[in-house]
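Following are the structures in question.
Paired with chain B in one complex and with chain C in the other, chain A is shared by the two complexes that follow.
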Partner chain A sequence: MGKRLFASVMGYATWREPYVRVVPFAGRYSPKPHDVIVGIVQDVQKTFWLLDIDASRWAPLHTSGTSWEPGPGELDQFLRIGEAVLVAVENLDATGKIGVTMKGEGLGKLSGGTLATVSPAKIPRVIGKGGSMIHSITQLTGTQVAVGQNGRIWIEGSSEGILRVRECLRIIETEGQRSGLTERIEGFLRSTGPTDDTGPRMPPSADEDRPDRNGAREEPSGPDDAPDIPSNESHEGEGSWET
Partner chain B sequence: MGNVGAKEIPQLLSADGRRIDGRRLDELRSITMKVGPLTRADGSAFVEWGENKVMAAVYGPREVHPRHLMQTSKAIIQCRYNMAAFSVDERKRPGQDRRSQEISKVITEAFESVVFTEEFPKTSIDVYIEVLQANAGTRCAGLVAASLALADAGIPMADLVSAVAVGKVAGRIALDLKKEEDNFGEADLPMALVPQSGRLVLIQMEGHMNRDELRQALDLGTKGCREIYERMREALRAKYDTPGRAEPAGVPA
Partner chain C sequence: MSEVVSAEIQTTHIIDLARAGRRLDGRGIDDWRPVSVTPGYVKSADGSALVHVGDTTVLCGVKLEIGKPFPDTPNAGVLTTNAELIALSSPTFEPGPPQPEAIELSRVVDRSIRAAETIDLTKLCVTPSEKCWTCYVDIHCLDHAGNLIDAAQLAALGALTHATVPAQRFGVAEHDYPLDVSHFPVECTFVRLGDRIVADPTFEEETAGQGRLTVATDELGNVVAMQKGKIGAFSPDEVVETVERAFRHGDRLRNVVRGT
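Take a look at the complex of A and B:
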């Protein structure tokens, strides 16, 4: 409309020379190739499972994307409805179909543990710069954590450990826009540290290998951390503003 | 109210041009809007408009439930307008009736013209509108609530849809009828507008108006819709304006 620009969704608007970028506040997870995500089996078919990945569509996981070789109709011997898996987005086609695979470092069925959910937009914050946040959290709570880009986070460890991770996620989700978040999370965990009976049950050393379980993968998305403190202001999207 | 025997028509307009609740002809009832009261829905909004109370929730885009409704090139929008049994004086028989089916349909069609459905092929965007308390103009209140809920759900749209009813009361064109004016007035005309483009996406009428009155009603309704539109934008902004954060600066209102 002439010189006016309109966003189609509500979000943070940032101006950079000829472009305006709007980072949406809300919306479902939109898959990108190579994203590591947590899916929950919704349906078992002859040759594939259908996973709910919190996107707009379910994603098929074909047997070819796994290391298993079930015969036809034997798929539910490997994965049943309701079970969770860590998978990677493999391809996206124009019709919006989301292909996922379970072949890859750290991917596979998630057994034991529990799932937590945060907004997919907050995932870069959960991981932190270079995985610093997730590293601190796993270290200080003695848990294993797998972070899916779709906002689902799998946690395994002692029940105290899990509760403390959940509390961290809550803090990140509600105060994620403030700076120095990793320090504050560390402070929180250390201050509540005396309940370090988590130690004996789950030696912190055991989780050493965790952060890179997928944390490593997430790092490339680190740059997205940038809009940490939105230099500008929030706009609601339908809003109009001259450019 | 509830006094079935009383068929007496109330005086809808006083000598000094005030309406039954003291409003002027071009005045809206008081409106409050809250965005995001339902945390488990993808988007939600609660609107109190005069004595109407309406909650809207949006889910999706998600898998299409009755599978045959799926469209390969775009998302479908499924709206359900429903009135609670306790929303009116005399108990409303629960469930979909002809009236609520019609309203669901016209609201769906209003949104189909603004939502970018092509971005989500083979999915469904489900909109639920629950009227908790009714006092005329619930389809407009429902539309406004649903519009906010869609924006809250992060669903891409060309614009918010704003809505209001206009009507003819005691021979005059009036904005935003309340129950008595709707029941005893000469005409009721709910309309929904896409304010930025000026496009009408819903228009219905009951009763009689002549051509000049209709023109006048549309002008008044357009003005009302724009006023409500501003309130909607404020409500959306309010959700994300935490007290500690800087006020939006460069936004032309």
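Take a look at the complex of A and C:
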């Protein structure tokens, strides 16, 4: 051991004896167990689907990891190529194989809505301390959001709401290092609040969007806000030094 | 991972937005991202230009050397266009021999420059059948965020417009002189999203696109080249409308390249 330590990535270093931690500023997603992530079906095999999770390789989702029981060759009746799913990383083996599962609260197929992408390194900022950021965003835009640790974010709501969430994500991505981010996002959303397709709206009228959200929840596979919870836990340490 | 299927819900969303006349980045259907052209970016090249179209970044270098004319065109110089899609610029690009995308890019750019007679190749002839200038146009994609064709073509035109013929170095003349550029073709690419046709598509819009049409126009009002790509169709009326839009954008972009 020499006297100097070098990180292999550029990032924010914290030193707590005897550990040094480097949170990279940018980079590809590296899976960790229990991460909730958004995958896109790339291929359908006999007993599993192959998901692109924006990691170094595709992740197989086996039928055993779902609540479905498709017969041989029936897998594409449940998930087709190009469909998006919310899954959790179950295990990582020494060869780098990524096992994912769809069994868990809030996990499942993502129907409706759309996807946005941010750098995986910025996901703790998107969630905020104790989920404060994501809570503000969903409340003030009347949308429903599921955050994947791999940087993919599912947004459901009015097209105006979706565009405003995307604008928030862009701000977080470019100004994520500065403090007071949650306040700035809230300020941005409040200042642009009453510009909706349907005409001027006061912030309290976000309630009008509630039926949509409930509607989405009634779908058997529709995810709710649950995925945020495990995400916060796994990144609490990182969230604590910011905000 | 050269071909990654994008999420259906994402492409549907892009098409739904387009139907309402909107786009993911807030632009209108016919709006371009900000364009900048920096000529002379590479000092060691005879001509070069760095082009930004939004986040898309393309660098083009022009090199002039003395070579031999082709036997079938003894009185003309040689123009060679090559495109390099380096793997660093997009997750969809792989290192190795040129992919079809790179070949299409170089050929479409080459076609507009050649068909518009941007450079009078006969002026590049030094001694018929023996000595002529060979002009290499090398395009490097540094960042692919959509609409590579237009960015690459602007870079090629920018590099040629500000190029110098190194006549002194090759002992052909006493002084170097600027390359004579006679015409200014500019390409405009459009992508169909549902029933709308958007200009300057981003990477996501290209992926969601149902047909792509590139129109090259020159400053005299000629359509000098076209290229149709991706699966999808355009009606005759749509083609006419697209050509008109290409002229509008082309006139503006020509001024950006010429620095006026």
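Going forward, the second predicted complex is superposed on the first by the 190 of 243 C-alpha atoms of A that agree within 3 Å, B and C clash if a C-alpha of one lies under 4 Å from a C-alpha of the other, contacts with A are read in each partner's own complex, and residues count from 1 in each chain.
In this section, a contact is a pair of C-beta atoms (placed from the backbone, for glycine too) under 8 Å apart; a residue touches a chain by one contact, two chains touch by 3 or more.
Predicted model, so just to flag it, every value in this text is computed and none were measured.
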Going by the contact rule set out at the top, does A:S64 touch chain B (first), chain C (second), both, or neither? neither
Tell me which partner A:V41 touches in the superposition: chain B (first), chain C (second), both or neither. second
Could you look at A:L110 and tell me whether it touches chain B, chain C, both or neither (first, second, both, neither)? second
With both complexes overlaid on chain A, does A:Q77 touch chain B (first), chain C (second), both or neither? neither
Between chain B (first) and chain C (second), which does A:G96 come into contact with in this model arrangement: first, second, both, or neither? first
Touching A:L163, do we find chain B (first), chain C (second), both, or neither? second
When both partners are placed on the shared chain, which of chain B and chain C touches more of chain A: B
Pick one for A:A26: touches chain B only (first), chain C only (second), both, or neither. first
Hey, which residues of chain B end up touching chain A in the complex? 42-43, 60-63, 72, 75, 116, 120-123, 151-160, 196-197, 233, 236-237, 240-241, 245-252
Residue numbers on chain C that touch chain A, as the complex places them: 1, 4-13, 16-17, 20, 22, 24, 26
Would you tell me which residues of chain A are touching chain B in their complex? 1, 6, 8-10, 24-28, 56-58, 95-96, 177, 232-242
Under the definition above, what is the set of chain A residues touching chain C in their complex? 40-42, 52, 81-84, 110-115, 154, 159, 162-163, 166-167
